[in-house]
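Each of the two complexes below includes subunit A, the first together with subunit B, the second together with subunit C.
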Partner chain A sequence: MNEAKNPNPLFMPITYLTTESNKTGSWRFLHPQYDEKTSPCSVACPAGEDIARIEMLASQGLFKEAWETILRENPFPSVCGRVCFHPCEGQCNRRELDMAVAIHSLERFLADTAIRYGIKPVLEKRPSQKQRIAVIGAGPAGLSAAWFLSMLGYACHVFEASAEAGGVLRWGIPLYRLPLNALLHDIQQVEAQGVTIYTGKPVSPDVLEIMKKDYDAVFIGCGHGRGMSMNVPGEDLKEVSEGLDFLRKLREGETPPCQGVSAIIGGGNTAIDVARSVVRLGGKALLLYRRRRQDMPALELEVEMALEEGVKLQELVAPAAVARDEDQVVLTLQEMKIAGDEGGRARVAPDEGKTRKVRIDRIFKAIGAQADEPRHQPPAGDEGLLSLSHTVLVRGNQGPVMVFGGDLTNETKSVVHAVASGKEAAMALDTLFREGFEAIVPKLEACRVGEGPSLSMEIYMGGQRRLRNPHVVRYEEINTDYFGFIPRVIQPRLLKEERVQSFEEIDLKISANLAMKESERCFNCGLCNQCDNCFIYCPDTSVMRDKDHQGRHINYDYCKGCGLCVVECPRNAMSLREEES
Partner chain B sequence: MKRVLEGSHAVAEAVRLAKVQVISAYPITPQTHIVEILSEYCTKGMMKAKFLRVESEHSCMAALIGAQSTGVRTFTATSGQGLALMHELLHWAAGARLPIVMAEVNRALAPGWNIWVDQTDSLAQRDTGWIQMYCEDGQEVLDSTLQAFRLAEVVNLPVMIVLDAFYLSHTYEPVEVPSQEEVDQFLPPFEPKFRLDTAHPCGFGPLVAPGDYMEMRYHIAMAMEEALDRFDEIEAAFAAQFNRRYGPVEAIDCEDADIVFITTGTVTSTCRLVLQDLRAKGEKVGILKLKLLRPFPTEQIREKLRSVKKVAVVDRNFSFGASGIFAQEVRAALCNMPVHPTVFGFVAGIGGRDVTPELLEMIYWQTKTSDVPQKESVWMGLREVKNVD
Partner chain C sequence: MLTEIMDREFVYSGHVGCPGCGATIAMRFVLKALGEKTIMVLPACCWSVITGPYPLSALKIPVIHAAFETGGATASGVRAALDMMGDTETTVLTWAGDGGTFDIGFQALSGAVERNENFLYVCYDNEAYMNTGIQRSSSTPYGAWTTTTTGQDWKRLRKKNIVEVLVAHRIPYVATASIAFPDDLLRKTQKARETKGSKFIHIYASCPTGWRIPSEMSVKIARMAVQTNIFPLYEVEDGRKYTINYKPKEYLVREYFKLQGRFKHLTDQDLDQIQQMVNEDWELLLHKAGDRS
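== the complex of A and B ==
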């Protein structure tokens, strides 16, 4: 029917004027703003990796950028993607919805991808500084210190006593956990950054004195390579040896004898590494631990796989005596009982009168390690001493400043703590050279991730990350309407039958497809991933698109402060504050 | 093609055949079957329509107002509380002259929660500017829905197709479903008289001062009046093509009747049986079925009841403090006739209670034996309620 025949033409209110003159922003008493925050995983990571951002980049297929984001905080993604104890996953907000994001597997994937395609990182680097720094020990702490110092423009020379760099990574971790090429790649990358590594150069006290003349600072990260004593009779028999020495021989290419039964004393990762290596060499491994399985400092998964592979475990037993009996040894074990609690682990005490004997072929000690030489320890007293969270700075009246780091000063002896120590040393030395001793502590405080102990080099170097709110995003602050239940990726592994036959790496690769899906599970707590929900939901069309890094801003002339944008932000990258009157 | 369909699906078939372009709805019993099958049609590609999920009926109508303003054909369905929640936007849709079509399944309002039939929900929307059509069976539902789009689009007013809960929405009956070609012939694509267009920006519904507002309202009043004529034209066109016609009112055996039932919805069908029985007993009785509530067919009612002595209005609704709502409307329509029938108001079947042939017969005899109504509304079939200590 056409309009001409309509006897009642429409008489309707239509306007062609704009409502721009009505600045509805004046009605506002709440003020939404873009406010990127801190993810709990990044706080939990001792290296302070920007995990929420790494996963965001990975989910977009930006693998190189994701990998570079790791490198800004940790030069060892290939190593840590394999051997890190990943405390990040324990704090992942996603655990409250279904399961933690597989951050560990994704780190490994990104490193593998970089290796596979020969990707060279493009990282910010300061212009050259005049100071020269010597690093003693090419383990994870020393190499990290060198990596970050060279990022900050310093010439670094690393002196390593062994024939190859890597420290405990090269000599103390079995190949099935950390293949050589995975380690070499990370080390080569440190060298490519401009770090010179001198191997086969032990630093004696004399050499150190000479060094002190040539360098403005010396970082000492010699690690803990010497075993501890059990303090039991018969400990000096030749059948009793150090677990770490056994692992070192293996990594040097030897095949130490393993026939019969080897007893391994201890419950840490070294004990598990030794036991599983023994199994791989065709021997039987008997793990003896003074507490219970759940109290072991070793990674639970490592223990589980060891038992699957045939390692036997006896709990609540401590060595009491060792004696030779023909061509075997008899180990007397003191049975232990639980005598309380000690920070979540059982405190144990001898169950008096209860002992038993086991007949075995040899004993490996894995009850902890200490510095090779007392001079590697930082001096006692507090004159000129600055104890930081992962390092100790010693400033004498003359000569260069000495920084002790890595296992020498870390309470927790782990690879990622060693990285943290190297980073802290680099920041402290740079601050010392540029702003003086007094500036070190406040400067480090300003570079904390959230309010936790981890430090961020990106923040230190003035990157975008420094703009984030230190508030750590809680699960309740995530808008989980935007996240469905998605199962966590299952890390593919060799079957146990395959595992025990060789030192082949157990953890297999995950595909790019799986990695992207897994990284999409990440809430990206506190970070904007440009999802545009704020833009879409704003009823006042007051979210305006920009070309800057944030991508948009709020037009406060018209924003009425309804807060929809903040509520609909899936990842808590916005905040609503009361308007200042 | 004849198919056995429940009333809800008769609506859905009509919506599919009308090639609706945007559907939005929030589920509510007893309406849900309608949009459930429509969403399925959209998913399967049987309809080229955008189905908008919303978080409430208020948002649903808001979404349709937006969609319809861009010049597309739109549809929704609701019931009871859902319709009540839409109230504000029902006024808007009519004031903005948007030809939205809605199926409204009558449901009693809470509290106490009741999902069964009661007309108070749709009658409470009487003054929103929506055309309202009350249907008796599945065929009428399908036919009226098709006609509704044409009527709405020609007078630029929204239309509500009203169905009884369960008695009609969930009852299976044979329904003649026309072919797409036939429907295309009856219902051409929607040609909007105005639309939102980003190439020619404008705003609908700004502030209007007293100098213009009254005229705008008067135009809606005129459009409502026009709708009565257009309804006849559209029914005529429909009848010519499909050979079915319902009328704004349907008078059954009213010519010689002394007493006439006035009914709506499915009660009419029951009443048709009662009529046969009473006629067989020699009673001079008829039925006037009301289809249109808005626009109210005053002239047709006056015409059909010219020589009737008494009318018995059966209301499945109630306006507290007054009377059954259809009874009020009928009284208002008749009062300015010099001689008019006496209006007896009866309230029956509230909240889904059965309106049985026996009950309707009681209404008849009560009307016949009374000279004047005892009350404006007599509540039929009330149980004795004992106070519980």
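== the complex of A and C ==
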């Protein structure tokens, strides 16, 4: 029948409205939200580098941006990618799945790439301030202080006693670990930021007095350049010398004599560097340490490579006396025994009556270092003294503020701790000038990465990073369904035979391809990498794209609070909290 | 996965699916893959309710609400009408739950695919009659509690293997898919759309309410179903060519059962038995796919 003529037309109900009038957000009692958090590696990094973000950018091939992200917190990526002890890797969440991300290799890769392509960083810089700051010592502490201060708009003049800048990086660490180019690049960058470095300018007490008139603040980062005494008879024989001096001569281009056997006393970086350098110069190296190998402050990998290269090690021996015997020296060694535990290392005591002798050609002392002059040390007493985590600030009655940093004040003496002190000094001085003395401590507290002690300059300067939750992401908070087993990159190295022939850098470059693969291993703990899972899985079509930095937001008119987005976020960049009623 | 496809949206907010509803996630994915030239036949199922009361609709495409048992037949009619109008481009999609597929709509489905009607039948499987109050279906798995298999009378019968039933009809394309594997699901749906004749996709869609799981776990559970081989991802072309899409390694079914209230009465012994059943099914599938001789 013709439908139009049908007296009882077929009634077909047709929907004409959408369910959008139904605000299902009222069902919600849990509230999901974007909540970027803090990665454990960035907390462990004394310079507070934003590692989770650096690796995220690197994995996207944004090498320049990744490198700039390092520079915001550390002006020495080329150096630290090579010689830093990378405490970050020791806290990497990925260790629990397979192995830590090779953060240091990636740092070095990013720096090498920037050098190779001559990339110039584009970094935020505050407008010029009227105060002028003098920095004494162009080691990593002084240069970092100058770098961050000039970021904050201050004119900085660095005065360095030696002919070139770099401190231990220039005159201590051997070339096979830190090639000159790698160092120069980082230093040139500090200069390009607007820092002036005057070399060959030792600052004597008189000069310091004049400086105090010209500058509003003085940063003192003179380092520990003087060796310590063994306090044993015969120590002043000409065959006994300072390991630091030996390394310095090498870096000045000399070839100090090394034939025969050299004994090196100590178990730290200096000892290992001297021993390995001796081997490279064709000599035999005998390392003598008062504790055991596992107690050495030097990096385990360095010790291992030293032994591979032919360095001999005797543990649990301390020097007792030195005597000349014709054209050699005889070193009497006191045997030591373990007498307890001292913060995870063995405490040792002389094993009375047990001594032995070794015949050698010379002795290098590497048993620790101290300030060149006592005046480099911050004064004792607490009048006008502010001890921070990496620096000591001294405010006299008149004259400028003095800040002591680097090895002079750091408990752990390392490059990255020196960087940390430079950063802390810059923040403290800026706060002092702008808001006064009392504001320093609370201001620094607000710039901690996680619970601290590392500080972030990006947070200080009001960057995006300040919005992060200080909660440190734990492994259990990562959704490991999204991460399979991927082996860690293997650092290519020179062969042992090649190593001992010269001072060529041992660690070879990794390719961009390998670097990207390695950075993809990173969970980016706590950060959103725009994976879109929240959008994809939302059963309520309540995740909306937008153009802000998060790239999306939750439409709470409809979100029922199921929490799926929070669980399916691979990297814990979201949180679920109870809805406020 | 193409971002443009993921970015298009055919499900409105404001629908009345439970929080964490897997069936809704499945719907979003399938419609993204099929696009706007789609007509849906919706026999009685959760989605008849989810899409909202008259005159509201949660879907941006035309939907015909059909009687429980008529998913296959209604689709055949819609297809015939479209063909008569010269529209061969529009996809006819039957969207049915497990009750409407495994049990009540079974004869209409079997009839339609036997005729090799040119349409796509998607069964989103939440393993019981959920919106009527969690009654057991022939899709309810061995071991499950439902409101009709309570206490010690939990279901002691196997889940019907609906995929093999459809394969036996020798239709051009049969596949399983899971809400936890969106790339795979979208690809299969697009493949189905491009294939002529009858297509059947069996989608595992978790149900927080009926399974007694927290709403935020529904994708996790779906993923585990695949990882444990309880719900393997595979596709079968022309009733013969099997392809297994995902080969998990060594996950125990125990992990999957432990997380769900509907299985909480099972003893270790029961779980061992279920593990054996799952292993046996998996071996059988491997044989069919030619991965075991």
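By definition in this document, the second predicted complex is superposed on the first by the 565 of 581 C-alpha atoms of A that agree within 3 Å, B and C clash if a C-alpha of one lies under 4 Å from a C-alpha of the other, contacts with A are read in each partner's own complex, and residues count from 1 in each chain.
Assume a residue touches a chain if its C-beta (ideal position, glycine included) is under 8 Å from a C-beta of that chain, and two chains touch if they have at least 3 such contacts.
Keep in mind it's a predicted model, so treat the numbers as computed, not measured.
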item: Which superposed partner A:T19 touches (first subunit B, second subunit C, both, neither); value: both
item: Subunit B versus subunit C as contact partner of A:N555, first or second or both or neither; value: second
item: Partner chain in contact with A:L10 - subunit B first, subunit C second, else both or neither; value: first
item: Partner chain in contact with A:V567 - subunit B first, subunit C second, else both or neither; value: second
item: Subunit B versus subunit C as contact partner of A:Q398, first or second or both or neither; value: neither
item: Partner, of subunit C and subunit B, that touches more residues belonging to subunit A; value: C
item: Set of subunit A residues, in rising order, touched by both subunit B and subunit C; value: 13-17, 19
item: Subunit B partner contacts - residues on subunit A that touch it in the complex; value: 1, 3, 6-8, 10-17, 19
item: Interface residues, subunit C side, partner subunit A - complex; value: 6-7, 9, 11-17, 19-22, 24-25, 28, 51-52, 54-58, 63, 179, 182, 208, 214-220, 223
item: Sites on subunit A touched by subunit C in the complex; value: 13-24, 27, 481, 532, 535-537, 539-542, 545, 555, 557-558, 560-564, 566-568, 576
item: Subunit A contact footprint on subunit B (complex, rising order); value: 96-97, 154-156, 193-194, 201-208, 212, 215-216, 219, 222-223, 226
